[in-house]
Amino acid sequence: MIKQEKMTITCQREIAASIYELTLEGQLVDQMVEPGQFVHLRVSEGIDPLLRRPISISKIHSDRQAFTMIYRAEGKGTQLLSEKQIGDKVDVLGPLGHGFPIEKNMKGKKALLVGGGIGVPPLYELSHRLLEGDMDVVHVLGFQNESSAFYIDQFSQLGDTYAASVDGTVGTKGFVTNILDQLKFDFDVLYACGPTPMLKALEERFRDKRAYLSLEQRMGCGIGACFACVCAVKDDPEQSAYRKVCSDGPVFPIGEVVL
Amino acid sequence: MIKQEKMTITCQREIAASIYELTLEGQLVDQMVEPGQFVHLRVSEGIDPLLRRPISISKIHSDRQAFTMIYRAEGKGTQLLSEKQIGDKVDVLGPLGHGFPIEKNMKGKKALLVGGGIGVPPLYELSHRLLEGDMDVVHVLGFQNESSAFYIDQFSQLGDTYAASVDGTVGTKGFVTNILDQLKFDFDVLYACGPTPMLKALEERFRDKRAYLSLEQRMGCGIGACFACVCAVKDDPEQSAYRKVCSDGPVFPIGEVVL
Amino acid sequence: MNRLGIELPGLKLKNPIMPASGCFGFGREFSQLYDLSKLGAIMIKATTLTSRFGNPTPRVAETSGGMLNAIGLQNPGLKKVMDEELPWLEQYDVPIIANVAGSMTEDYVEVAKQISTAPNVHALELNISCPNVKTGGIAFGTAPEIAKELTSRVKEVSSAPVYVKLSPNVANIVEMAQAVEEGGADGLTMINTLLGMRLDLKTGRPILANKSGGLSGPAIKPVSIRMIYEVSQKVGIPIIGMGGVQTAQDVIEYFYAGASAVAVGTANFVDPFICPSIIDELPSLLDEIGVNHISDLTGRSWKTDDQKAYHRA
Amino acid sequence: MNRLGIELPGLKLKNPIMPASGCFGFGREFSQLYDLSKLGAIMIKATTLTSRFGNPTPRVAETSGGMLNAIGLQNPGLKKVMDEELPWLEQYDVPIIANVAGSMTEDYVEVAKQISTAPNVHALELNISCPNVKTGGIAFGTAPEIAKELTSRVKEVSSAPVYVKLSPNVANIVEMAQAVEEGGADGLTMINTLLGMRLDLKTGRPILANKSGGLSGPAIKPVSIRMIYEVSQKVGIPIIGMGGVQTAQDVIEYFYAGASAVAVGTANFVDPFICPSIIDELPSLLDEIGVNHISDLTGRSWKTDDQKAYHRA
């Protein structure tokens, strides 16, 4: 169920250049079920900025009613968020949307998790869940450069982890697809989150595989009421079918929607 | 000279119901010359609220480059100001306007200081200055009620101090004019700051005396450029003469401008 | 006595607060958050004759104190709204105001005729900000004669009272209001969004795929208040006010200006519980102001004290 | 080479930044804060034939992301401006754009004729948002024919290029722009304020003594950007953009939209050093964007890549 709560910051730190890890505590956490869901944050009590900001849930700490997000402080809203301190409250609406499906009876099977930039965070909770189901996980993570890279160590503790960076300062030089094309992993299911060009590249390669992609879109309400975040359904002859990224997604089976 | 500076809060406390005493430190204090001048404060870095807020200088602490203001937290801007903490910065533009003139050779003469509500603060620095000139000062201060009254003790240490309150919970029941009409003080110069009805009542009684009134007006720029705060000049046959409260005032000789 | 109850043509409202069209879908999403029967009414998303996919994304952009949208009237079309959305809404004790849109007069007429027969549709809201394909895309709402004609054509066929939603993108809003009143409008809703645009600092191009969009939110409130102040003095039909409402105080300001009820749009995105919160806060605000019934406030900004006494009696 | 230098009809600007009319008086106050020669130009306060006292106070009110003003064109009148203000401004190396206002065509013509002869007045800015007493108070700027006629009458007598300042309170801004271009305008400035109002929560009455006022500040920027985007594609004369500029980034957005220079109004009240600050920040922003000269950005929002290459050549 979707709840709105003023949650308390228990930890906020810069873990890479302009990348912050933020932990919030509150009862809303009890509602969080799926990896890949997101929250919609109001970072100011006033009108500056006006709209909420969608941020993925990166790790759920059910035991202590807390969750962690990882975000890049870029525009006005995320900048303001990054200035908040331990003990401050943040107005959270969530959990929202449908996350990555964890299929049953996948014990021993192999999952490939591909993340790019600020698409990496939701994969972290996902990876934990898959491990709980005794799956094998491999992570391929892409970043701009070393200074903006994060969580490579954390992912390494969960499974094989490969990194790529545009300038080669960390991992392979290039994109995640360079790694994928080189190492040609074998996998039973693919999960990915990242910039649209990355998702398109994955779709080209793996459209016939079992795979799930998490999308981004500019949002208004975040709950399915305003039709801001709509994407078209593939292979729809009438061109009228649609999905809402906020409430039907953000995760869709590969090939379901037009990227 | 008018300066703009991000000054540091060294003290902020609620001294009466919604009435705050705020002390700011910075070099801008060196520019403060006259009692009755004001500063124009920006309380938010963003657009919420957009405009600056004019607040009188209540006490100048030249020795430690600081000054104190007293303000009522009411609307959005002053509420935000009251939430700021020691160490926070406030964007100050000032000192602005022309304050209460301190006349020369007034040793032993008597000054009557009349203040109403948030018009009381600028009289505090004024009273100190008059005492420095060896004048006799009498204060008549009006408030809504006891809980919103402030600084009665502080004024008492500088000279005879009479208080009035609308509901009689502190001092005489009624307005400052009740006290004035009752006690019929003899004085050489009158200084007043407070709501317009109070200033009008003073004008009725003392228009032929040497007296100075400090006015309030909604402001844009605060420096004389926008013509937001204009008031008409009395006895101007062409009805074209004007004064700007922000730069010609806020203090005017009694009878000079239309209240 | 209910201090917030309001009667308007076709509408008996428990309270004067309703979500604005396009900001609340058909209510399904918000029904998971609170009981829709709490609302005074619901203005549902614009309905067109056939389904519309709407504009490409991005469809929204934030601005200072406001937002731009170019949804493009995405909706499932008249039939689905009548067959699925409206019947679903019947489970709530709340009157529906159906927002009607189209590309030519005939579209409006057909949608109005049918949708006005739905049992829970108590009024129509004509969205005349749409571009009129027959006049080269000039909005119905910017030419008084066209708006009047459209209104009277819709009035002829509608089984429910017709409110016309005025566009603020005009030089003379009173002229528009009077034209649709002459056309037979039972009420006005105002305002729709102001036309605006935002450019991407990096690419230089418009952020919205549709380039321009409608500006809503607190930024536009002064424009709306001014227009309602002007119009309410010049027409005899009631006005449902909207534009930037975020608080119960804003609602009061709209009543002062001349509104008889108030819709909340963008603020639903900022705080999804905003409508019930405002409804809960209004009574104590009436106490502070010292009036018994909220309708005593309508037009206070321009009524003389005599007029106020008369209306209260 | 000066990366910010701009040439426009009558104007050789060191940089494209200037304070907007009415927000800077005649420069005296700001001259105490910084050297006015830093500015690209100064748009001085509206000048009318005879002195005006303006409206009663309160004259300003704050709104969400903006402010309302109803100063009422207070100014000392043509003679004093010519005898005192303009000569005083001559000590600075900065071209003056004289804002001309009136209640009827004859007023504008007379003011324009005289003020355009002042040595430091390099251009006129016709403020056509003023109510026209001869047409019952309807603003010159909301009727294309009247605006065109006014423009050509002023052009006949002016010794300096004439920029017309468009009012945003119209349904069709392109039509207005084209009308004044036909009337002979050398350039456009846009936009003037949107009409708005704010009511006092306690009294219910308008905060401004004049009741309604002009809305300025960040709230209106999307409306202005949209209008400049539309107009710049349809006229051949340059546009000085304004409305809610607070940062160097905002200036860039105005260039993208189609402006060739930018004026800063309300922001001068928020930060009196805003104009020189923006001027200082622009070069590094141009580096970030990767252009050499700021004029390369004009119209980037709508120019195709081909057009951009052509203009740059």
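Here the chain labels run A, B, C and D in written order, and each chain numbers its own residues starting at 1.
Here is the rule we go by: a residue touches a chain if its C-beta (ideal position, glycine included) is under 8 Å from a C-beta of that chain, and two chains touch if they have at least 3 such contacts.
The model shown is predicted, which means the values in this text are computed figures rather than measured ones.
Asker: Could you give the fewest steps needed to travel from subunit A to subunit C through chains in contact?
Answerer: 1
Asker: Where centres are the averaged C-alpha coordinates, which chain has the largest centre distance to subunit C?
Answerer: B
Asker: Please work out the Cα centroid separation of subunit B and subunit C, and write it as a whole number of Å.
Answerer: 46
Asker: So what's the Cα centroid distance for subunit C and subunit D, whole Å?
Answerer: 34
Asker: Rounded to the nearest whole Å, what is the centre-to-centre distance of subunit A and subunit B, using the mean of the C-alpha atoms as each centre?
Answerer: The computed centroid separation for subunit A versus subunit B comes out at 55 Å.
Asker: Which residues belonging to subunit D are in contact with no fewer than two other chains?
Answerer: 63-66, 217-218
Asker: Which parts of subunit B, given as residue numbers and ranges, touch two or more other chains?
Answerer: In subunit B, 47-48 touch at least two other chains.
Asker: Can you list the subunit C residues touching subunit D in their complex?
Answerer: Within the complex, subunit C touches subunit D at residues 63-66, 68, 138-139, 142, 169-172, 194-199, 201-202, 204-206, 211-212, 215, 217-223, 225-226, 229, 244, 249, 252-253, 256-257, 289, 297, 300-301.
Asker: Show which residues of subunit A lie in contact with subunit B when the two form their complex.
Answerer: Residue list for subunit A touching subunit B: 44, 46-48, 76.
Asker: Sort out for me which residues of subunit A touch subunit C in the complex.
Answerer: Listed in rising order, the residues are 1-2, 4, 42, 47-52, 93, 217-232, 239-240, 242, 247.
Asker: Quick one: which bits of subunit D touch subunit B in the complex? Just the residue numbers, please.
Answerer: 22-25, 28-30, 32-33, 45, 51, 53-54, 57-67, 69, 71, 74, 207, 217-218, 246, 266, 268-273
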